[in-house]
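Presented below are the structures under discussion, each in the form of structure tokens.
Heads up, the next two complexes both have chain A, just with different partners, chain B and then chain C.
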Partner chain A sequence: MAFQLLINLTISFVWMFLYNAWDLPTFIIGYVVGGLILFVVRRFFHQPLYLIKVYAIIKLILLFFKELFLSNVTVVKHVLSPKLNIKPGIFALETDLKTDWEITLLSSLITLTPGTLVVDISEDQRTLYIHAMNIEDIEVSISAIKNSFERAIMEVSQ
Partner chain B sequence: MTEISSVVVAVFVLLGSFLSLVTTIGLLRLPDIYSRTHAASKSATLGVLFILLGALVFFYQESGLDARLILGILFVFITSPVAGHLISRAAYYTNVPLWGKSVRDDLKVVSKEKRSKSVQH
Partner chain C sequence: MRPNDVILKTATQLVTFIIIIFSIYVFLAGHHNPGGGFIGGLMTAAAFVLIGIAFDIKTIKRILPFDFKILTATGLLIAVLTGIGSFVFDSPFLSHTYDYFYLPLLGKTELATALLFDIGVYFVVIGVTLTIIYTIGEDN
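And now, the complex of A and B:
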């Protein structure tokens, strides 16, 4: 991924040299042209095109903001409701993610989702222990959310 | 233009302070440390974020985009879930009990094993 980015930057600098113009618009045009060239020669790279990964990262960031907003709505509802009808508990969640940064990202995403908080990660990094504010109604929907998060992170890391 | 941006600033700052207020009420009302961390790690993040966004829009008219405010937003966004996680983890391993009405606790067995292991060594 870093290699492709480097090639793209090199192409845009070559573009600036060819035009003998040292300003931002020329750089951007060169960058777009470089992206097109990379798209044409994508067969020669061993990894998928890095622009796909950039798109996945943007999707992940948008997901992050959406979940943060929704979780705040949930917390506000719980805190300001006249009766405190919460059923907290800790449950275990198996994860397929391998590297450290993926697990870090997943656990901070989980912490920012509605009604969940990561308490501990097991020694072999396979299981996350999550404190849920309302374990009954959430547990089903949570696994769905986790799947979407995990998939989004995997799209970035592959 | 200034009218619109002042309305935006007002909405952001009011929303942020409302969320901070909710965080405080949550800290007082919720039963145990884990539920309190829920309120503290989520509402406080978005509250501070909204107030910083309001400041960003407010100072945009005078002095342009302030990169330090954007950096501040980014740092708060990255660090506060980690802080919530660490606080709750430290609480769990120093035997702070869950609320009496808590339903289940999958971590109990694992943490007991870990503790007995550390005693043996």
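And now, the complex of A and C:
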């Protein structure tokens, strides 16, 4: 993964050395050539090609922007409505993610979703405690988090 | 029971490097733009203070395994030496000069002796700030 990216960057630098041109266009052309070489010899590596991971990361970023937009629309709806019909509460969510980095990313994404907010993480990092604006539809929110965010982060990190 | 602050620690590992690189940029921009040794040193010290908040003071000690008072003294020494250096060229104390040089890869570059003085200021500010934080933080 990171090793393949290093190889690609090295190929770009070798390309710049060969042309004796130290500018961005030469670097980008070298990078594209390196990507093509890596694509041809992709069966040589034990892990899948890192460009697949880049696609997963771009999908995660687009998901992030979509959730940011939707959460703000939802909050504006609740603020402007004449009657406040919400039932706040805290529930626990079991997570399958392992590393600190994944947990941090998942917590940030949950905090950005409409009506949910991470308040604490358990000592063994298996459970997130989430404050929900509407505790009524808890099952819906759990399954939504599981299906969208956890899957997207798993795709990046596996 | 201590709360599990995994989010703060993970974010710190990423943000610290951004703060340090920005502080170095501000330090180097000080000749023609807002910035300079003082604000650059304060920002670098702030990055280490953030590490101290997220982890603990022992971690700062492990990253920078030397006495901060010596760092302060080194900074003052550099600043004074740049002042004394002007005696070599028969000019008054603390006269500074600059010139344009052609360096490989960088092209035409302006090098000023005021930058050396600024490095002294930078070290003094980092040393003093971290000494204060360390002294207060260790108090039991």
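The working rule: the second predicted complex is superposed on the first by the 151 of 158 C-alpha atoms of A that agree within 3 Å, B and C clash if a C-alpha of one lies under 4 Å from a C-alpha of the other, contacts with A are read in each partner's own complex, and residues count from 1 in each chain.
Criterion: contacts are C-beta pairs under 8 Å (C-beta built on N, C-alpha and C of every residue); 3 or more make two chains touch, one makes a residue touch a chain.
What you see is a predicted model; the values in this text were computed from it and never measured.
When both complexes are superposed on chain A, chain B and chain C end up sitting side by side without clashing. In the superposition on chain A, contact is made by A:101 with chain C only, not with chain B. Put simply, more of the residues of chain A are touched by B, taking chain B and chain C as the two choices.
In the superposition on chain A, contact of A:125 is made with chain C only, not with chain B. In the superposition on chain A, contact of A:26 is made with neither chain B nor chain C. After overlaying the two complexes on the shared chain, residue contacts for A:135 are found with chain B alone; chain C is out of touch.
Superposition on the shared chain A places chain B and chain C such that, viewed from the Cα centre of chain A, they span 70 degrees in steps of 10.
After superposing the two complexes on chain A, the shortest C-alpha to C-alpha distance between chain B and chain C comes to 6 Å.
Overlap of the chain B and chain C interfaces on chain A: residues 107-108, 118, 120, 122-123. Against chain A, in their complex, chain C makes its touches with residues 1, 3-4, 6-7, 9-11, 105.
On the chain B side of its complex with chain A, the touching residues are 19, 22, 25-26, 29-32, 34-35, 37-39, 41-43, 45-46, 78, 81-82, 84-85, 88-89, 92, 98-99, 101-107, 110-111, 114.
Across the interface of their complex, chain B is touched by residues 68-69, 71-72, 75-76, 78-80, 84, 86-92, 107-108, 111-112, 115, 117-120, 122-123, 129, 131, 133, 135-136 of chain A.
Only residues 22, 100-101, 103-104, 107-108, 118, 120-123, 125 of chain A touch chain C when the two sit together in their complex.
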